[in-house]
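Just below sit the structures, each encoded as structure tokens.
First chain A sits with chain B, and in the next complex the same chain sits with chain C.
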Partner chain A sequence: MRTKLAVAAVVLAVFPWFLHDYGLQVAIQALVLGVFAMSFNLLFRNTGLLSFGHAACFGAAGYTTALLVSKLRWSFAATLPLALVAAALVALVIGFFSVRLTKIYFTMLTLAFSQMLWAVAHKWYGFTGGDNGITGLLPPGLLGNPKGLYYASLVALVLVSGIIYIVRRSPAGYTLRAVRDNPARAEAIGISAFEYMVAAFVLSGTLSGLAGFLHVAWQHSAFPDLLYWTTSAEVIIAVILGGSAEFFGPAIGAVVLVVLEAVVRSHTQYWPLALGMVLLAMVLFFPSGVISLFQRRQREEVPRAAA
Partner chain B sequence: MTGLASAASLFLLAVGLSLIFGALGIVNFAHGSFFALGAYFLFALTRGDAAGFWHYLPVAVAASLVVGAVVERVFMRRVLNRAEHYQILLTYALLLIIEDVSKICFGADYKSIGMPKGFEMPVFVLGIPFPSYYLGLVGLAAAAALLLWLFLHRTRYGTLVRAVAQDREMLEALGVNVPLLFTVIFALGIGLAGFGGAVSLPLQSISTGVAVDAVISAFIVVVVGGLGSIWGTLLGAILIGEIQAFGALVLPEFSIAFTYVLMAAVLLFRPWGLLGRPPAVRT
Partner chain C sequence: MPLLEVRRVSKSFEGFQALSDVSLAVEEGSLYALMGPNGAGKTTLFNVITGRYTLDAGRVLFANQDISHTPTHRIIHYGIGVSFQRAIPFPSMTVLENVALAVLALDRKTRNFAHPLLSYADAAERAEEIISWVGLDDLKRQLTAALPQGDLKRVDIAIALASKPRLLLLDEPLAGLSRAERAQMVGFIRELLRSLGTTLLFTEHDTEAVLQLAGRIMVLHRGSVLAEGTPNEIRSHPQVQEAFLGREA
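Let's turn to the complex of A and B:
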């Protein structure tokens, strides 16, 4: 595992010097979605909760950056702390209400909250620009340079992976999985399932905010689409496509998804059709994600909601 | 009036979703796509000419029923007992595929159709002209609701449909062909969505992207009314239809946001919906 990681790190570090401009853009997109997917999986893997509200955290951070830069002329990098705070707050509100519900009701409530934010961003022309979005945000310095942004995203991915690794191995991580596997029993031995799940939601949402910030730096704009439910669907696809049970599965899924999209789109306009086919094949034939195609041993099963 | 007409359309869209969730436990993200598909079928059959509306409507609905039955047999069946994120991904995959296939088959431009025969003239309510087809649509939706209620509560097979939502294993033990029942329910739900799409075509044009918005509206309606409850879906559709119609007049900027606030509030205080039944304790 160590040698594999070291090889991957070296490859990722020298990678941009061998890419032309378009390739570099694709690589940045993959890294940003990778950060988002890893953050999403922190919640999904450890609590079994399938959130359709992560677009809200992603978009809240993105819009915070876009608004501060366009309205108050803040420098781009200086908006990062506030963007993360915004994502954390949104996650706190959504998580606080939503984790009381289970299964599909949880998913529906997170969906409702994030659609609420979308509806406001979409219609409030005076403040968010409505569906015209906020455009022309050119980050100066490091973040404005494609190579610089690539390395910033790579650092973000390493950072997020490190945090998730620490959380997974901490007592809190074990507690979370205890709650996931048997909430009644966890409560019986004195664990507050509610507090742990809200905390996981907030951490996961905050890290998703980092991806939202990077996304705006990469796109130089923010649109209501960031908050729409299809953004949440995309990250879920990346996570499951890669394999949610593997540590780096979500990041790998993000890379596969983004590269596949770039390749398909260069040949045909029917990318959704191709993605639909891939998803069908995945659900029916390799449900543990692409990563499972390259390894024989089966790791621990994905938590399955009780039927 | 506008609110009632859109409520009728929403009801037809959402009731199938509710029915399918109640019985199969599957949240169908492709439901809006089948709604759009019904409209596309009707448009293709009539070639955009309103004269063939009544003639081809049953054909479009029959086509939707067949599509529903085939999709259930080929795909849904295989994820019935899997974790729900697989069900969501599968139906999302269907959404993407149907979206692009209908773009290939029918083109990406806006499609609409004139008022069907018998409803060409406007009616006047309080001196304001409304398309008389508003009444036609409400009537069709009410008829569908009534027929569905009669089917579910007054026929033997309808009783089985309600029973399977409560205890599938017991029904299997009693010798009922549950897989066939699931196919019938799914086809019925999709047929209703296709019917809804087809009869809504004179009032709202159809194009790519409709499906993605429609399925979310359907979610709001069934969540507000109660997943699995027909009368709840009816109530939800009327509430949401009217909120959107009045909101568009009073506070156009936030009427959409308000429907989501309502959805969240219902989920928080009555997760089983306004007219739904609290889930029985299951072991």
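Let's turn to the complex of A and C:
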């Protein structure tokens, strides 16, 4: 594992020097989606909660950055703390009302919240520019240069992965999995399932905000699409493609999805069709993600205890 | 003054009366058994005590404090531990992790996120002690998902003991165990009281085991108290004989 990581780190570090501009754009997109997918999976894997509303956190951060830069002339980098706070607040509200619900109801309510936020961004022309979006946001310095943005995104991915790794093996991480495994048992040893699920939602949403910030830096613009359900769907697809049970599965899924999209789009206009077929094949043949193609070891699914 | 007092508790589910007007008192340092056929309301009574179910009427007192409306996750801090009827601990973790997490939860350290679980040396050490105590040393590094039911019961009790309960609620500790395991568990329950001083309230279908173990017994039937008393009183209670002890009457 260590050598694999070291090799991956070296490859990722020298990679931009071998890419043309278009390739670099694809690489940045993959890294940003990778950050998003890792953050999403922090919630999904550790608590079992399938959020269909992570676009709200991603977009809240993105719009915060875009609005501060366009309206108040803040420098790009200076907006990052507030962008993360916005993502955290949105996550807190959605999490607070949703985590009490189980399974499909949780998923539907998170979707409803994010669609509400999308509707606001879409209709409020005076503030967000509606579907004209906020454009012309050229970040100065490092973030405005493709190679600089690539490295910033890579650092973000390393940072997010590090945070997730550390939290996972801590008492708090075990507590989340205890709540997922057997909420009744967890409560009986003194754990408030509600509190921990909300906390996990907030952490996951905040880190997703980092991806939203990078996305706006990459696109030089913010559109209501950031908050639309397709953004949530994209991150879920990346996680399914890569495999949620593997630590780096979501990041690998993000790379596969983005590269696949770039390749398919350059040949046909039927990307949604191709995506549908890929997903179908995944579900039928590789339910634990593309990463399972590269390893013999079969992971055992942990049975979810009945409450 | 009893350690646990249940006063005239009732609970219904959509019109179905699962408990009606049930009262009991468990003295500190005693073994108290709840008996009754399937569906009598034993587990429901446990759930009412631990706050998993809100009660419709009545009160639950523990060490003279009213805990009737205390949320489940606070119950342990009063000193009430539980082992469930269907013992499924946390299957994605090893035995040691299961127990260590319960130790940390009691100490309110589960919010810590910077260091690995087992690097909390005090907690890990205490967890190891408890695991030895229940005789699971050989299995401590095993994932609980892979363990047979008999071992799971003991893991579940180890988790409950990690919370240092004054009162331990055991829901059918003997169910699903082999003959040898049952004898072992009976000895183990006695030992809990003798060496740890843990007061026990337990449910059990095996009448003989209950009569041997318990200091006092309550028999529930369709949510109501059919009889309450010492094993001898229960043994000679006419309605109980009729209903459960047929072969001995």
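Methods note: the second predicted complex is superposed on the first by the 300 of 307 C-alpha atoms of A that agree within 3 Å, B and C clash if a C-alpha of one lies under 4 Å from a C-alpha of the other, contacts with A are read in each partner's own complex, and residues count from 1 in each chain.
By definition in this document, a contact is a pair of C-beta atoms (placed from the backbone, for glycine too) under 8 Å apart; a residue touches a chain by one contact, two chains touch by 3 or more.
None of these values were measured; they are calculated from a predicted model.
Between chain B and chain C, B contacts the larger number of chain A residues. In the superposition on chain A, contact of A:Glu187 is made with chain C only, not with chain B.
In the superposition on chain A, contact is made by A:Tyr174 with chain C only, not with chain B.
Legend: residue contacts after superposition of the two complexes on their common chain; A:Val120 is shown touching chain B, with no touch to chain C. In the superposition on chain A, A:Thr230 makes contact with chain B only, not with chain C.
Of the two partner chains placed by the overlay, neither chain B nor chain C lies in contact with A:Ile252.
With both structures placed on the common chain, the touch criterion links A:Leu273 to chain B but leaves chain C unconnected.
Comparing the two interfaces of chain A, the one with chain B and the one with chain C have residues 302-303, 305 in common.
Looking at the complex, you find that chain A touches chain C at residues 166-167, 169-175, 177-178, 180-182, 184-193, 196, 300, 302-303, 305-306.
Across the interface of their complex, chain B is touched by residues 50, 97, 100-101, 103-105, 107-109, 111-113, 115-116, 119-120, 122-125, 229-230, 233, 236-237, 240, 270, 272-273, 275-277, 279-280, 282-284, 287, 302-305, 307 of chain A. Those residues of chain B that touch chain A in the shared complex are 25, 27, 75, 78-79, 81-86, 88-90, 92-97, 99-101, 103-104, 212, 216, 219-220, 223, 227, 252-254, 256-257, 260-261, 263-264, 267-268, 271.
Here chain C touches chain A in the complex through residues 50, 52, 71-77, 81-82, 84, 86, 88-93, 97, 101-102, 104-106, 108-117, 120, 145, 156, 159-160, 162-163, going by the rule given at the top.
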